[in-house]
Structures are given as structure tokens and as C-alpha cells.
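Each of the two complexes below includes subunit A, the first together with subunit B, the second together with subunit C.
For the complex of A and B:
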């Protein structure tokens, strides 16, 4: 399940997920993409306990789209099993990973 | 032991995951080992997703049969997954770009990292995937240098 949260800083979209973040849940928002007016994206995964390869691929696409819009892409609040999957695929080096939303916000508007 | 027969659809993946998790919870060696439980659940999920998307090309017209058993003396979990779709073609497989990230190619790569053995074979019209996971041994999945696997996949 995906929720949009209000961001305290401009041009920033905060997307919060919960539960399973996989090919099935992606069916509901796979086509979502960042806009030129909101090119900074923060994914809050603190309540996600399962991530699969489809979700990883979607995050890679989102990251590239944000970059093309001169924006940024960050993920925060990873639970340990989810973090391990990012390490296995080395995506922890491709994505900016933070512990909290505040930490991610600070990187956009230091 | 657990036996599952499922329609090969994306919306049934969660049911397969639930059945696998319930079975794993019956294994004393996995008591509260969330990391290993997650690894096995994800490996099965990825193989089944691969079957749905590629063997059956998301047509909703196939089935998946899965059985899992624990071998206590070897401390091994054996999972066999069967389908009757298009054969797996390793030559068409896309490997992930681990340096820059890419959209796709992570599925089987993740499986190979999470289990101790991944074996594929085609028997007549049946695709058979066999996953082996050693339970009880310490595994370090946090390696800073994940490599492309050389598992004993039989592509014959």
C-alpha cells in the first residue's frame, strides 16, 4: 500500500509504503512517476517488511526519472531484511539510503 | 512437509508466501530467525514470479505445484517448484548491472544469492526448479562483494 505524505519542503514528494512492497502491490501504482514540479522523491520504507525484485526495479526507474528531472531519490527507514536485499544487489550504493525522513529532507534542503 | 497447488497468478503469490512462512515456523531450527525465513520466502516468491511472467507469460492459464520438506539429518530445506509453461532459457537471461542499477534482471540473481543451491531442469513438458537451503549454519548475506553466482543450475 502506498501513501502520499505532505512534505515540509517544496518540490518534494514523500511516498510511504507498508507491508509487502512487491510485484502485486506495484500493480496499483506502477505507472506513477515524478513530475517536474516535484522532482525530489523520498520513499519511506520503515513499515515495509518485504521487498522483491520488481520493487527494486521500480525504484531504479524512479531514481533515473528523478535524476532526469534534476531531482533526487532517497529511501529511508529500511528494516534489516530489506536492507540486506539492497546490499545483495548493491543498490544500497546506487540509492541514497537514510535512517529517517528528517535526514532525507536535510539532504534536499540543507 | 508442505504441498501447494496454485493458479499461476500474481495475486496468488501472497498465498504461497503465507504457506511457506507457516511451514517454516514449524521448523525448530528456524525459531525466530526472521532473516532466514525472509530469504526463503523471497527466493520462492522470485521463482514463482519468474514462472508467472516468463513460463506462462502472465496469461493466467497455468498452475504451480510446490512442495517443501526439511531433511533433519542434513539440516537442509528442499523446495521443489513445478510448472508446465515455456522452458527456461538461460541464454535470454538478463544479469543485473551491479554498479549502476538497472530495471530488471534481479529476480534469479537474488534467488541464487539467498539459497545454497538452485537447480533447473526440463522434463518432457515440466519445468522443475529445486532450491536447497542449509538451515542452522551461519550465513553472511552482508558481503560487500556479492558476485555473480556459479550455482549448480542444470540448463539442460
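For the complex of A and C:
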């Protein structure tokens, strides 16, 4: 399940997932992409206990799209199983990973 | 009306009853002359009593009495005239009903013929033309047409009749409901017709396929006409639906045939016999989740005598993943023949595929190993792929990736690592379809079980070990649907 959160800073979209973040939970918004007016994305995974390759692929695509819009893509609040998956695929080197949303927001705010 | 009287027993009975009362003559007066006079032969010169015959509100004639007087005879004659008029009215109604029944039978026979001929007619346009012809004939109208909307993927009107129906007129009357326009409606006035009937043709209760409109220059449509046109429209609807089902079945068969071919091509690529290498057991097996999958493995002998062993996973499933898998396998093969460094193979493949993978929005995890039989050296590089297990020195470890998958970054920064394979050492390359397999309790198989399985059964030959992995994973899943492809490649240094 995905939720949109109000961001305290402009041009920033905060998305939060729960439980398994996989091909099934992506079903309804696979084609979602960042807009030029909201190029910064923060993905809150603090309530996610598993990500599959489809979710990883979606994150990589979002990261590339945000970069093309001169924005940013950050993931925060990783649980250990998710962290392991990111480490094993070495995607932890690709994404900016923070502990909290506030930390992620601080990186965007000038 | 006069044609009814020669055989009308009611009139004769009434006439004979009057003659028995002693009157001089009884006559039926229609259109200024006597049609019948009783007794025959006789004439009526002076009419004593007369009573009008009124049928359907119209006076059609008179009953006349001559030659006698009686106080109640005028009332009696009026009553007889009323009775006779009622009988005539019933006879007329019966005649009309009989005519309608015959028309109805005609229409039923036509409907049956249409239904029977629909299956034989391949040309939709010809079939609709003949339908319009029948509609015009049986509803005694001047025009009939069907207009097909965009719902069927084509737009055309088939018209039968003399009156040209313009596109704008068609658009103005097309609705989703049966509509009968009369001479009070502007559309009928502009066309100079008394009536216009519009019946929609629906397919699968939703799509408006077209409509069938008929014009009547004079008179009115009967309820039977409207029912007949509705029945024709329902036939057309069924026929079009059958055609659509047929087309869909054909398309499905085509897709299935294409998929079967793709599956054969993929299986043939994956099932190419693995090379025989001294002191090494090599085995591999792939079980896609769908008819085609995104996992792949490849083994090829390089010109310097070394062997390249590759296993990969294209994110995604089905045909799209299978197409990318073929592309990736070819790119990796080309790179593996050009260079002996696993990291360089990954870098080159990333360079070749990065733009395409970015466009599609996917990535590929790949593990590449180059084994040198003379030195027993295994060089490997891992681009985001897991799990890869290595059993050596009585321990099983995961060979973790040191760079992200192919297609994520323009530059991979992959690194190669070396490991001497001693007799009994085993390298197992699997795809995430193994560790992510879950059971009914939503418990995942995970990396630990894989490592444990290898440690426990390291003594088995490579082929038996491969079979054991698949058997264990399926036992763990316990009938749960296989969601992802499962691929395994095992290299074992012969003890």
C-alpha cells in the first residue's frame, strides 16, 4: 500500500509504502513518475519489510527520472531485510539512503 | 365491404326471420342501390322502415323493410342492424389479424433464412446489404440502413433504398435507445417522411456497434414491424459478437503460437549442451515461472582455453523480460569473447545496454566467472546478482556484488575477484526465484537455507546437487504458485 505525505518543503514528494513492496503493490502506479514541479522524491520505507526486483527496478527508474529533472531521489528508514537486499544488489551505492525523513528533507532544503 | 355479404349467414338468417313475420320484402341498401332483396325475386318500391348499418363509426349502408306495419318493428330492425354491424366488425378484425399473422409468418421465415445464411456469409457488407433489402421488403418501407461506429474499428454505412441519408443526419439521430420519430419531428420533416425508426445494435451490452434505421414515407409502423426490426438488430448483434469472438480466438491462437515459438527458442538457447571441461563438473537448469522468462545462464569456451560462466536475471517477467534476456545474453557473449576480465565483460555489456535498459526502465543482475582449467583459478565479478554461493574449505559463503546491476549507472565500477578452486569446491549461481520462494505461511526460503543446503550436500555430484536444490525448493513452496523464474548453474571441482 502506498501513501502520499504532505511535504513541508516545496517541490518535494514524499511516498510511503507498507509491508511487502513488490510487483503487486506497484500494480496501480507503475507508470507514476515525478513531475518537473515536484522533482524531489523521498521514499519512506520504514514500514517495508521486503522489496522485490520489480520494486528495485521502479526505484531505479524513479531515480533516473528525478535526476533528469534536476531533482533528487532518496530512500529512508530501511529495515534490516530491505537493507540487506540493497547491499546484495549494491543499489545502496546508487540511492541516497537516510535514516529519517527529516534527514532526507535537510539534504533537499538549501 | 360488399364482398362480405354474399356469404354472410347472419344477414340471411335475419332476412328469413323478417319474411316469416309477413312483410313484403327485406333489403340491404348500399351505395344507392339494393345489393340483396328477400324474397327473391322481388323489388322494394316503398320503404316502410329503415335502420343504418354503422361499422367502425361509419355508415356503410341500410336495412330496409317494405309492405307492412307493426308498432315495434322499427326497434327490432334497429337491433338487427346493430347486431349485423357488430358481426361485420368482428369479421373485419379477424381478417386484419389474419393478414398480420401472414405478414408475421413471412417475417419469421425471413428471420430463419437470415439466421441460417449468416453462418455461411463471409462478407459482412454483402450480408448487411441483403438484410437491409429484406427489411425494406417486409416492413414495406422505402429506406433502411446500418451505420457502424468506431467501436468495431471501422466506420461505414450500408444503405438500401432510394433516399440518400447524409452523415450529418445519421449523427443527429443515433442514440443508444430505440427511437421512433414521427412527422412532428424536424428530422422527418426535413426528409419528407412520415416515420423514421432507429434501433441501436449493441455488442456485449456496452459497445454501440451501429444502428438500423428505416423510413416510412406514408402510414405508420406496426408493432410487428418494430419487433421484426428489433429481432434483425439482435441477429446482427449476435453475428458481430460471434465474428469478434472468432477474431479474438484467432488472435489468441496467434499469440499462443508466437509464445510457444519463443519458448522453444529460449529453451533451445538454455539447453545447449554444456562443454566438457577436465576436472570440472558443470550443470545448469532453468524453470521459468511463465512460458518464457527473464532468467538466463550461458557457458562458453574462450579462445585462450578458459571458460566463461554467466548467470543473470532481467527484472520483470514474461515476453518483455524474455526479449531483453536474449539481448543481454548476446551482449554478454560478445563481451566475454572479446575480453578475459569479468569486470571488463560487465562494463562493456553495461555500456552496450545502458541506454536501451534506461528507455525500458529495467535492469539486469549478472554474475560472470572465468575459469582457467590449467591454473584452477576462478575469476568473477558480480553486478548486483544474488545469490551466488561458494563452498570452499568446508564453508559456504555468499559471493556478494560489488557493483549495482547492469543498466542502473552509466559507469558500473565493477571489480574482479579471484579464487583458486580446490577439489570438492563448488560454485552455485542461482537467481532470486530461489531465495524469494515462499510457502503458505509467507515465509521465504532465504539465503541461509540455500547456504545450509550446499554445506549439507556438498559431497553430491553437480547434477545431483542441482536436482536436490530444485526438489527442496519445491517441497518448501508446498504447492504455492511459482512467482519468479528459477535458474541454477553449478560448477564443481571434481574431488
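Basically, the second predicted complex is superposed on the first by the 109 of 110 C-alpha atoms of A that agree within 3 Å, B and C clash if a C-alpha of one lies under 4 Å from a C-alpha of the other, contacts with A are read in each partner's own complex, and residues count from 1 in each chain.
In this section, a contact is a pair of C-beta atoms (placed from the backbone, for glycine too) under 8 Å apart; a residue touches a chain by one contact, two chains touch by 3 or more.
The structure presented is a predicted model; accordingly, all values stated were derived computationally and were not measured.
Residue contacts after overlaying the shared chain place A:27 against subunit B, while subunit C stays out of touching range.
In the superposition on chain A, A:102 makes contact with neither subunit B nor subunit C. Counting the residues of subunit A that each partner touches, subunit B and subunit C differ, and the larger count belongs to B.
When both complexes are overlaid on chain A, the residue A:91 reaches subunit B and subunit C alike. In the superposition on chain A, contact is made by A:54 with both subunit B and subunit C.
By the touch criterion stated above, A:80 is placed in contact with subunit B alone, subunit C being left untouched. Residues 50, 52-54, 56-57, 60-61, 64, 87-91, 94 of subunit A contact both subunit B in one complex and subunit C in the other.
Residues 20, 22-24, 27, 49-50, 52-54, 56-58, 60-61, 63-64, 80-81, 84-85, 87-91, 94-95 of subunit A are the ones that touch subunit B when the two sit in their complex. By the touch criterion stated above, subunit B contacts subunit A in their complex at residues 10-11, 13-14, 17, 34-35, 38-39, 41-42, 45-46, 49, 96, 98-104, 106-107, 109-110, 113-114, 141-144, 146. Put simply, subunit A touches subunit C in their complex at residues 50, 52-54, 56-57, 60-61, 64, 87-91, 93-94.
Against subunit A, in their complex, subunit C makes its touches with residues 313, 315-316, 358, 361-363, 365, 383-387, 398, 400-405, 407-409, 432, 436, 444, 484.
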